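A single structure is presented below for examination.
Labels run A, B, C and D following the written order; every chain starts at residue 1.
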């Protein structure tokens, strides 16, 4: 077969390559998958009013995020268990990120330790975490991340309990004994297995480790214990975004966890304008969920995002080609984004304005 | 086969389990099924704007309805002929309701007497009735229901004549001789059979027993002969709801009979806000039609309902597993509702407000 | 096979019964069939806000149209060539109309003479005509219709040229030599055949016989030569309807010729409110196109129509059962309409008001 | 097989006739084909409010464009490589245009020289060009076009870089060695082949030849070096259209390159009203993208276009029948347009007004 020409073809290739249970874990969504579909449809529903004769000869795709210049406005979303997709796991992904100028966000649930990821990284990295019931452990995670040079923290806010992922229940999803959640070694949470009856334990795992009683005070606390900017991931409302800013957050990632948490949650692109208004310039806004084309990035930027997070497609690249697969996939998307910018009449990212959207 | 993971899977299992004629009777709708589909679509069309960092650690799912505390805001809708789904019929259902803290609404058209149901019940029960042509018989039903402890009456208002249920006509639906409409023993209406030509007699049965000339005076009369709250079921308009309140009703069940009466009637969730406005706080508002997910309950509550009625899915649980089947199905839905509340950022039902709807 | 339970089932039965060419002629539409589909969709898109406790015990379905009481608000639309559907042709249809209290509109293009139809009729009849190039012939038609008791004239306005009916072109549709357009005997237009090359001649036939140069003056002329009310069929605009009234018309039939003329013409039900406003009570408004259910009649009435015209379904009844087939089909629809009225809370047709539409 | 009855049937016939790679080249679109589909859907979504009794007896389909009377408001869009569809290539097309009174727009990327096309033409021709990196070459093209009688220039503005045409990449689309881009003989751009690795080179070809740095100054320059009207093709915004007028353009062709450049660009018919407003009567507005029916031309005119450009369908006519195929296809469309005008109640093109659109 020829190499995939776009991200959708990578998905098909990954479907043929990966064990079904693992493909489903990464690709699956909560309940009926309404939100996952709507995330994508929200992009497709928007039409672009491109400009002509706008001098797009030497295009500059870069942005500056928290004072750091990035080659292009894309970050790899934090995703757990990458070893299920490829033996080299997060190491492959972070190296591919470096090769393509893409920001990498490491997941606490990685199958590689945050230190090993940082050591392999050749570009900027952020660290994603939850607020664990054990606050001192949470604090230790923050300190470890700071110690090895992560440049920002991303705290996931949309997971007070785990969403109903019925495919994982049906598949009895678990990670094999040899695969470990390295950041959590030494806690009871370093593995993610079946119970004695052979049943899926995802919801119980999360309930045991995470604190559903979190309030804005906990966000304040998290912001207070780090010198890094804290991005709150999983926000879909302007009032919540405003509150996050008041608590000291540095930014918002508009996200519904790719439709894996609350099914029928509002599509992220549709929630974006409200969040941008809530943040009101006091922080950075990112968005994830359904980005599959270069034009999607343009649309997100036109509606006020500073950058997008790319999730599942990275896994498809990883599963089908390891580091090279991820790098090639990101290269394709970057090429698409560059083309989209040119065709929209935007020489640089700051030319992407609201009036591009019909 | 694995146990169903959600209500849709129960439907499939029931389809394989039940005789087609009976599955169709419970699942069927009037004419082209437009309203039945739209009832469901109305839920799917709504997106949720969930909140984060909202302290959802110890959730309280309970509500208070007519002064009675209920474990969660779900009632089993009144449904006829449950013996067609399972030999234990309404006894199984009411016991499952008790086990799961679910309010049970007994149908006059039950295949178990209201007294036997009450005797088996371990939780609160309401009694559904029609206003029969024979008002003294109607009054006797009310008195029987009061005598054995039913806590409210639900009067069905959307059935002046029977809807055109073409599947039942085609299937020549009837109940076998051994099955009796126990509450109507001693009247000509205790069986529901074919005519001499072997044809379906539903419309004629209803016309013979029910009075299509009912007016608001009849509702006033019904309210006057009982000390129980009367909930009017089948209302889809604010002005009708207001009128019902003036006649002494205690509440409204927004319903279109699951799309079994007037096809192309407005979807219940779309009618809900108008009815809530018509009731204006003078009574309780419930809604049925298309509830299949925990998030559906959140949506109904966000639009002003106090609780939802669950119909067909209960039959699927009953047909596939009797009392245990119903209890397990209700348990699944309750778990979904609990998860939905948590993910919406609602620690309790009163936190479910209009702004959750996009 | 069982008897059809609704009009859609009659369509299927007719599809199996009729020669494809003839089924296509009656069922076909212009070009891509967009308007034919939208006519139907416009009905399905409307939801009904029915009323309860409205005393629907003794329902009166009748209306008064031009001073004539009709049993129910349905007329059989003028349709050509009914002999292609059944040997008894228009005679069967008009008798069925009489049996079911349905107004019959005879087509000039009938395969039975208007006199023979009138002689067979047991109920009220109207006569449809075009304004022919030959005005004296047109006048003669009017006089013949008046002479045998037709109670109104319906002039078709949407056919200055024939629509592009590609199925008929492909099928080389024609009427067999033995079938004659009886009203046109003695003119060159009494047959509708193929040309010497065996090709379809519909467009040429119409161009030769009809005058595309008609103006409102011609309508004035037509109104001036008859004492009968003239209903203009094929109007979809309020301004045109107003103009027709000024020219002396007695009413408007909102119609797009069942989607057989201008494809992508506005759906009739969507055009209806504008036309009602244009007529402003100075005449009667009827509507056709897509009526298939009793609820459709309610919807048309709620939006201001006095009655509906039923077209293709009558052919299905005729083709599958002759007079009895038409009578049974009309009986089914009447039963549906009666049920719909009852379920909407309307004791009579005048209770059908705009607020029934959501 | 019978001759096609409409443009869609020509498409099917062409699909069976042409090599897949060539059919895909002409029919293909960028990325996911969203814009190509939406171009078409935009036409289908509009409903027509036709007029009756409007005297449509002697219809006049002609328009005047830049002082030149045209038989009907259709032009053949500039399309490259017509030799791939038929050996007679652009010669066949321009002759068919002449036979049907259709304006012909020659592409710079033609496989016939502009001089040969002009020599074969029997009707008015325009010349399409890009602004090449080599401005003197660009100027020479303009002078050649003027010299042989082209009546206007059409400059393509939507192609600063080439859109992502994945079908062409997959198919490794190229033109055979014997086929030459005749207007570019003597430059490095007279062929369009594969690279040494056998890969598609479209994007590189365009980047090497075209200047992505174009600004409105370049449009001014182009307008300044010719006495012919310059139509800017590829504009979808009112502000861009206004700017083009200020630069001296004579008109705008609302176009998104048939969805071949920026996928998810706004549908042309939806962009048309804004462009018409931007032009504000200072120039002519044409539109392309998705025209397949006579009613589509009416819709475009009703929204303010003076004429439409027809692209892909011309190729289907050419591939399936050469000059005769194109002439017959154009004849069909003209017949459809004539019928549509008549059925809309428009005796001539100036009667097509905004109120025809629902």
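Here, a contact is a pair of C-beta atoms (placed from the backbone, for glycine too) under 8 Å apart; a residue touches a chain by one contact, two chains touch by 3 or more.
Just so we're clear, the structure is a prediction, and the values are computed from it rather than from any experiment.
Asker: Report same or different for the chain A and chain D interface, where same means the shared residue numbers exceed half of all residue numbers found there.
Answerer: different
Asker: Based on the averaged CA atom positions, which chain is farthest from chain C?
Answerer: The most remote chain is A.
Asker: Measuring centre to centre with CA averages, how many angstrom lie between chain A and chain D?
Answerer: Computed from C-alpha means, the inter-chain centre distance equals 42 Å.
Asker: Provide the C-alpha centroid distance between chain B and chain D, rounded to the nearest whole angstrom.
Answerer: So the centre of chain B lies 60 Å away from the centre of chain D.
Asker: On chain A, where are the residues touching two or more other chains?
Answerer: Chain A, residues with two or more chain partners: not present.
Asker: Connecting every touching chain pair, does the picture come out as line, ring, star, complete or other?
Answerer: Graph shape, chains as nodes and touching pairs as edges: a ring.
Asker: Provide the residue numbers of chain A that touch chain D in the complex, in ascending order.
Answerer: Checking each residue of chain A against chain D gives 2, 5-6, 8, 44, 46-58, 293, 295, 299, 335-336, 339-340, 342-345, 358.
Asker: Across the complex, what residues on chain B touch chain C?
Answerer: Answer in residue numbers: 31-32, 34-35, 38, 157-158, 160-161, 163-164, 166, 169-170, 211-216, 218-219, 232, 234-237, 240, 243-244, 261-267, 270-271.
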